[in-house]
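Letters A, B, C and D mark the chains as written, and numbering starts fresh at 1 in each.
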Amino acid sequence: MFEAFLIIVRRDITLAMRRRSDLFTTLFFFVIVVSLFPLGIGPEMNTLRLIAPGVVWVAALLASMLALERLFAADFEDGTLEQMLLVPQPLSLLVLGKVTAHWLVTGLPLAIVAPLLGLQYDLSPEALGVLVVSLLLGTPALSLIGAIGAALTLGLRGGGVLVSLLVLPLCIPVLIFGAGAVEANVSGLGEQGHLSMLGALLVLSLLFSPLAASAALRISAE
Amino acid sequence: MSLSEFLYMGGYGLYVWGSFGVTALFMIMEPILVHRRRRAVLQRVSRIVRMKEVER
Amino acid sequence: MNSRLINWFKFSSPATYYPLAGRLVPLFSVIALVLIGVGLYMSFFIAPTDYKQGEGYRIIFVHVPAAWMSMFIYVVMAVWSGLGLVFNTRLSAMMAKALAPTGAMFAFLALWTGAFWGKPMWGAWWVWDARLTSELILLFLYIGFIALQGAIDDPRRADRAGAILALVGVVNIPIIYFSVKWWNTLHQGASVSITKGSSMGQVMLWTMLIMTLGFWAYSIAVSLARVRSIILERERDTTWVSELPEVRG
Amino acid sequence: MLEIVDLECVRGDRRLFSGLAFSLESGELLHLHGHNGSGKTTLMRAICGLIRPTAGEVQWNGTDIRRLGEEFNRELAYVGHRNGIKDDLTGVENLRISCVLDGIAVSEAKAWDALEQMGLKGCEDLPVRVLSQGQKRRVSLARLLLHASPLWILDEPFTALDKAAVGFLQTVIRSHVERAGMVILTTHQEVSLTRGQVKQLQLGWKGDGDV
C-alpha cells in the first residue's frame, strides 16, 4: 500500500521534472507578486516591515491556487486518473501521494525562496526563520485543501477561477495563523501559539481532505 | 408620535430605514422571482409534455 | 422500524414531495407574514428606545435574525447534502440547492444591516469585527456553492459535488470563526457585538425571537416553492409530471 | 461470476438503458453491440464502478461492487477510450507504475518482455510522446499481459492497431477466456473462440436487456 503511495509521488515528481517550465511559473508568480507590493505602497521600510508577513502569505496563497488547476487535470485528460480509480488501493492514499508530490514541486520552493523575499522587506533573521517554518507547515495544508477544490472542479469550463472561489475562503484560517505567526514574532509576542495552530490545521487537513478529495474525484470522473 | 418623527428615528432614520427597507425589498423580491421561475418552468415543461403527446 | 424506514424513503420521492410542498408553501407563507408583522410592530412600537444607542439599535431586529438564519440555513443545507450522499436520494440534493440562494440572501442582508448599524455606531461602514468578517466568509461559501452547481451541466454530478462542498464548508465554519476571532482579538480590532452595548431586555429578546421565527417560516416557504420548480425541471420526463393539472392546463 | 441486475443509467437528460440484466460466467466473452450513443461505454464504465447507475446494481459473486469497493478492482482490468498512459514517461515506466498500483510485482525484465511481445521492441524506453497512436495503444494494452485479474473490460481495444497487432490481441483475449477468464468488449472485429462461449448483447435499437 505504501508502495503505491511512493510510486505516485515519484511518478509525479518525475513528470514535473520533465516539464520544468510549469514548475517555475508558480515560483516566479510568487516572487513577482511579492516584489510588486513595495512598488504599489512605497519604499517606506517601516510600513513594509509591517505588511511583509501578510504580503508574503497572501502571495503564497495565490501562487498555490495557480498551480492547483493542473493537479488532477492532466491525469484526467490522458485517462490515467480513470485507471487510478480502478486499482486495488485506497484512492485517498493515491490522492495523498499526488498532493505530496504537488507540494514538493510547488509549495516547498515557495518556502525556500521566501527568506530572500523577506529580506526585501527588511525582516529580522529570526522573523525569516519563523516565516519559513510557517510556510513549511501552512503550504501543505493549502495543497490539501486545494485538492478538494481541484477535484470538484475537474473538467469544468472556467475551472481555474472557480477553484479559487471555492478554496480561498476555506484557506482563511491557514492564512491567519501563517501570517500571524510571523507578525507575532516581529511584534515580540512569540509565535508558538500560531505555529501550533498551523500544525493542528495541517493534521486536520491531512486526515480529512484526502477523503473528501477522493470522493469528489469519483464524482467528477463519472 | 407623528409620522415624520417616526421616520426620523431620533436621527437614525437613514440607517434604520436603510436596513429595514433593503431587507424588505429583498424578502419581497425573492418570492416574486421564485414565482416567475415557477411560471417559466411550468411553461417549458408543459410544452415538452405536449410535444411528446403529439409525437405519440 | 423497517416499515418506518420505507415510509421515509417514500416521503423522499419527488412525486410525493411535490404536492406536499405545494400544500406547505401557503401555510408557511401565512405563518411568516403573521410573525414578521408582529415582529415589526414590536420592533417599532413595543421595544423601548435604547438609552445608549437611541433608535438606531432597532436595526438588530433584522440584523441578528438574518445572521442567525444565514448560519442555520448553511447547516441545514449541509444536513440535506449529507443525507443525499448517504442515501442517494435525489430530493435531498434538490432541497440543498433550493436553500442556497435564500441563505446567501440572508448572509448579504446581515452584512448590509451590519454596515448600516456600524456607520452611526462606529463611524465606519465596515469594521473588521469577528462576526462581520465570518459572515462575509459565509457569503463567499454560499457563492462558491452556487457557482459550482451552476458550472456543472450534469444535474447528478452537480448535486453530489455541491454536497461535498457543503459538507467541507460546514466542517470549516467553526474553524474559520475561531481563527477570525483569534485574529481579531490579537489585533485589538473592533470586537463590538451589536447586542452587547444595549441592555438586552425581555422585550428585545422576544422581538428578535419572533422575527427569527418569521424569517425561518419565510425560508421554508421560499425554499419549498423553489424546490417545486427544481423538481418539475428535473422530473419533466416522468409520467407523474405530465399528468399534473398545472402542466396540462 | 458477474451479474448485472436491473441496471439503469442516465446521462444528462437521456435514459440510455433501463432494466438491463445479464450475467457472465468464467470462460465467457460478452460482445456488446449498439449504435453510437447507445450506451456501450456507459455500461462498461458502470460495470467497472466508475459510473454510479441510477438504479439496479452490478454484482460480483453475489455482492454489490459498491460494497466490495477496492477489492473488486483487484478482479478487474479496464481498457478505455483513453490510453491511461503518461506521454512524458517511457513505455517501461508506464507499465511498471500501473503494475505497482495494481499490486502486482513485476520485474523490469518482465515489463520489457511484455512490451516486446506487444511489438514495441526498440521503443520500450522512449517517451510515449514520440510513439504513434497505434504504438501508444499497444503500451496501454501491454498491461493485460501482466494482469492476473479474471475480468477484462475492453472498450474498443482494437482502435488504431494494425493488422498484426489486432491478430495478436485476439489471441491474447482468446487465451484469457480459455483460461476461464471473462471478457466484455465492444469492437467491430470478430473474436473467434475455440473454447468457451461468446454472448452477444445488443444495446439500443432492439429490445434492451436480452442476451
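Keep this in mind: contacts are C-beta pairs under 8 Å (C-beta built on N, C-alpha and C of every residue); 3 or more make two chains touch, one makes a residue touch a chain.
Bear in mind the structure is a predicted one, so any value in this text is a computation, not a measurement.
Of the two chain pairs examined here, A-C and C-D, it is A-C that is joined by more C-beta pairs in contact.
Centre-to-centre separation of chain A and chain C, using mean CA positions: 32 Å.
Chain geometry summary: the mean Cα position of chain B and that of chain D are 54 Å apart. Chain C and chain D have Cα centroids separated by 47 Å. With centres defined as mean CA coordinates, chain B is found 42 Å away from chain A. Each of the following residues of chain A touches two or more other chains: 222. Chain contacts: chain B has no residue touching two or more partner chains. In chain D, the residues touching two or more other chains are 52.
Two chains count as a pair here when they touch; such pairs are A-C, A-D, B-C, C-D.
If you check the complex, the residues on chain A that touch chain C are 148, 152-153, 156-159, 162, 165-166, 168-170, 172-173, 176-177, 180, 184, 189, 197, 201, 204, 208, 212, 215-216, 219-220, 222. By the touch criterion stated above, chain B contacts chain C in their complex at residues 6, 9-12, 14-16, 18-20, 22-23, 26-27, 30-31, 34-35, 37-38, 41-42, 44-46, 48-49, 52-53. Residues 88, 153-154, 156, 237 of chain C are the ones touching chain D in the complex. Interface residues of chain D facing chain A in the complex, by the touch rule stated above, are 45, 48-52, 70-71, 73-74, 76, 78, 80-89, 93, 97-98, 100-103, 127.
Across the complex, chain C meets chain B through its residues 29, 40, 44, 49, 54-56, 58-59, 62-63, 66, 101-102, 105, 108-109, 112-113, 116-117, 119-120, 218, 221-222, 225-226, 228-229, 232-233, 236, 241-242, 246-249.
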